[in-house]
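Dropping the structures in below, format is structure tokens.
There are two complexes below, and they share chain A, which is joined by chain B in the first and by chain C in the second.
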Partner chain A sequence: MKETLRQSMTWLHTWSSLIVIWLLFAVFVTGTLSFFRTEITHWMQPEGHGASQPQQAATTAIQRLQQLAPDASRWDIQLPGERSRLTGLSWSNPGEVMERRRGPMLSIDPATGETLDLRETAGGNFLYRFHFELYGIPRELGRILVGIASMLMLVALVSGVIMHRKIFTDFFSFRPGKKTASWIDAHVIGGVLALPFHLMITFSGLILLASTLLFWNGGDQRNGPPPAGPQTASHGPNTTPERPSSRGEPRDEQVERGARPQWNNERPDHEGARSEHPHPLREKNPSARHTHITPTGDQPAVDINAMIRQAQTLWDAPVNAITVEQPNQTDARWQLSTGSREGLTSGRNGRQLIFDNQGQLLENRAEPEATGALAATYSVLRVLHEARFADTTVRWLLFVSGILGSLMVATGAILWVVKRSRQQLGQLGYELVSTLNLAAIAGLLIAIAGYFWANRLLPAVLENRESWEIRVFFGIWLLSLLHALFQHQRQGWVLQLSVGAALFGLIPLLDPLTSRTGLWFALQQGDWIRLLFDLVCLLMALVLLVAVVYLRKVSAPRRPTPEPANVRARPIQEVKPQEITP
Partner chain B sequence: MMLILALILILTGFLHMAVTINSHFRLLYGRQTLPHSSARMLQAAGLGWLALALWPCINAWSVQVGLVVWVGLLHLGALLITACLTWKPDWFRLGWRYVGQLRRLLLPGLQLS
Partner chain C sequence: MFSAERVWLTGRILSAAIGGYLLTMGICLWIAQLSGLDQNDARMFNTLAFFLIYLLLIIVSFALRSHQKAMALNWLSNLLVWPLWWLLQGGAAA
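Presenting the complex of A and B:
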């Protein structure tokens, strides 16, 4: 009985994951990179690399807004911090139809206040979008596909745990140089060592996409139970309760959250800074416009730095964003918020402090309590999946876990081929899986590297620049697939992995050549976002290089050799021509 | 700082766990096998060390975030131990020698052969 259970689980594990494994790998890799979405975008906009990091970026930002939009009804300031090195400004004018912001309208140098002319880039956002709704197909379809893949992934995880014979005995074991056994070990290490992460990320991803899968539930209810509910009810007189989304969070949150209400009607990030949907609630509320009528003329000097100091002492965390309602008026409200959070159950909004125009603290908004167990659970899953709680250290831990997950998926795909190499060589299914493996694993990595290259090599001013970057990404991926159709054996792997290693390895050279500032300058400035990006590329190149060396050393796994691997390796590869000549 | 402390505690815990696995035990003590009761003791001690690592995590972050950090560090620690056992068994022996002092202090009556 036990054996049959195990056998059926093995069958389930193999086939449930095989049919989506290439999609899963792409989702895992791009999703892992999405933990560093804003950091990747920073790298991809070299115009912002020279910016220095002053203590008082807020003062500069406010001075700049005074010049740009003294009569605005609202200012939003995103301060530079751990994850971004520029100040982002945006504002709305009185009487203007409320528009959803898609990130800051203006990026300025935090020290000088100079406007930075950043290149258009699809940035980290493209990878992020791709990981849950793919690209070039209707968004709903993309989500359904990814949802199905995550469902099968969950099945594979559970069945994988059940089918594993000696989960504890093999816990720390890796036996290199043993062909199939090594692949199994690598697959198990990727899976078991980070199993809590895999279960969490798969399950929460599934929950986030659940509404697209449960198509009978009456429309898109991605908002789920309203963990943000209690907060929106308690706003001051001048705030607009219908727009909790742009209430000053770090930049990436704002981009994503602003997009929620009209999710189905607009393209994600490829159509410029804003889109034109008037907010329905705002339209119905004309009184919101009439609050602007009494400008006071003389503005009391508000010491923003004192407010920031107060907030930092109170939170023991940096201030990430400032929102000013009715700037330059007597009833102005200053709202400081931080992206750092204490709990996971509190929904998506972080802590905020509200000051009046004299710099007096009016309200100290803690993270809202969850309204119930369901809301708390949903919030935990969402916050965990989107890493909203995570500072940079934690992001690296998640990144490592994500890499382990990608490793698990990739080795799983290769394992299928390695196991069947003796019997099924030449059969259609086998060849198909081999082809797709090469294109999906090596090809995707090359495509990502090529995407970064395209970002730096395409002219900085180009019509539809983001789409060109994306075209290069898919173009390279397609090339890899075409190549894999003709050469998907070991030689194909060696070639594609070498190309990938070269592209990744040369990125630290490409970066200083195409950026405003060199790496040494970045080091002096402490621009670790950029330096670590280059370092990770270098590591990636190293890993690919090791893989190439390994592939050239061992014999092809599909050769039915009873001897140990390395005995047959050399005759096949190098010595053969000499054997023929004498 | 707390992160490094937590990682060291987790590595200590996983070292204890790894020693109870026969193939790794032989790496340290040759052909002998570990008595069953001692293995249980070591596993318990290992779990204890892992649990202890929760404290710096929660101290540096909040309870909820600290738990997540702890789990993330468990992944990393297990990976490091595995890499160590595969490519640098000497480091594993070294680690065990250092941990051995603590073990003798905490579990004085433990039979290892």
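Presenting the complex of A and C:
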């Protein structure tokens, strides 16, 4: 091994990350995008772009449910909010088992109640799922691979910190135009600037994959008791029989899979809790399912807006979800909830108010905080990773940190090649890493842009449309790899990054051309989700364009020349800029 | 291609990865058992502690200068932890 601890750690840092660096980049990029998966799905369903967000969304939803399912035993309404502009409806008919995947579900315009025929799309959910279980391979295998890569990432992060003698001094130095030194500086800046985020997201990612990686630890971690929060405290394995795990999936991921309503992609916890825990309304009113129920018939409808006002006054937070148990019956119960976790250790469903059919408040409940240090720590890590607590500002901060993480990984991969370009040019290992770098970094970005293009250009009524979008994604990625096999030096990068810049840069033009409403309308309606999506694509195109201009400026790599042995043998951080020939 | 150094290095990597995993697992089970945590808390503790201990073991495995010492430390620790764990479990059953 190496002579000193720092040299050993440099070796460990380099090789622990290099063997999975392309996978890590894909996981980081798609994971970063997943912070806005609901927003991405909104952009990818232009049929819903014309919807506005009126005050009377709840009234409209109830009127619509009265038409669609007056005899249902339960209504669920997801109101439009900060991250979604549509109202989602679902209901269960009497006798049906309460499962989210069952029963009709649809999205309506919050103002008019008009049913929106949203196109089938893999949306942001594809990127989300890809970042922890990949695609096209058995799910467990995907999770194991991502878990191994995450563990190696954690090793690389810690060894990267240990190997730096002056990590904070290095952080404040950027030496442009110095080739290797510049890449080192970019790598260090990307790493150190968001180091707490990188450590948190990697460690918490491992915690989330623990059910797969720690097979000996009592089975699925998250379908059972450990998933922190109040459920952990109140429903342990000794008190509540565990629901059999379907394929070891986390609970929230199980309910997200399958025929889910697009509007509800981001709210699995709320829904997911149903099948495992008795519904509070049914607990309160156990006889309602078995004793006689009296149709209200001509009774006046309850004033839902008054309930909402009361809830908002009490909570100082918006109502996101409404559940009506036994609607149109005298013993109906109305539950209004914030619909999502509000703090790092708070319960899944946020706060709830329960009203009777006369609009009288029966109960004001908030799920208890996670109790105990272990449950609280577990809850904090999990919630931090999934950003379920985060408002828009925090979500953007996490997004930027994720971008920095992606930058760190990408510059690390490129640095390995740049450092060895003189000694190893033409060697198999060097050429392989160069090829994979181009395909994994530039190719992935093109594939993501192509995925968005496919979403808008494939016919809206295409059968298995969702699969076709994904096929386009992987098809483009494969093309990028084939191209990289033949041209992975500077010209290859210039070409692929130019294609990426063009695809991202034209998305703001593609958007109004393939949506039923234009960008001006979006601006008038305050559809910031859509506008920011276009803006981020434009920024991405600019970044890629800058990279292209930079690459065109720098000269082609020279023929390999012997380098002083002392420079070759030194670890990365010891190579001083003055020792590097420009 | 197959120099002694490479063979030792491969052994060390495997030792750190597999031996480290087994050792971490044993340590976690030990701590959970000895600390008297209930089943829920023990599982949560294992989940939280495993990756930290595993990380530490990997770092230590590669911090040592000698391949042989690193491998020996790893496997001897396993030899210490697992029989004791087995005895502890057997004692508990009895």
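Definition applied: the second predicted complex is superposed on the first by the 462 of 582 C-alpha atoms of A that agree within 3 Å, B and C clash if a C-alpha of one lies under 4 Å from a C-alpha of the other, contacts with A are read in each partner's own complex, and residues count from 1 in each chain.
Heads up, the rule we're going with is that contacts are C-beta pairs under 8 Å (C-beta built on N, C-alpha and C of every residue); 3 or more make two chains touch, one makes a residue touch a chain.
What you see is a predicted model, and the numbers here were worked out from it, not measured in a lab.
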item	value
Touching partner for A:Phe172 - first (chain B), second (chain C), both, neither	first
Touching partner for A:Phe389 - first (chain B), second (chain C), both, neither	first
Contacts of A:Phe197 with chain B and chain C, given as first, second, both or neither	first
Partner chain(s) touched by A:Ile189 [first = chain B, second = chain C, both, neither]	first
Touching partner for A:Arg341 - first (chain B), second (chain C), both, neither	first
Interface residues, chain C side, partner chain A - complex	9, 12, 25, 28, 37-41, 43-48, 50-52, 54-55, 58-59, 62-67, 70
List of chain A residues in touch with chain C within their complex	1-3, 5, 8-9, 11-12, 151, 154-155, 158-159, 162, 203, 206-207, 210, 214, 216-218, 221, 225-226, 228, 232, 236-238, 372, 374-375, 377-378, 381
Touching residues on chain A, where the partner in the complex is chain B	168-169, 171-176, 189, 193-194, 196-197, 341-345, 380, 384, 389-390, 393-394, 397-398, 400-401, 404
Of all residues in chain B, those that touch chain A in their complex	3, 14, 17-18, 21-24, 61-65, 68-69, 71-76, 78-79, 81-83, 85-86
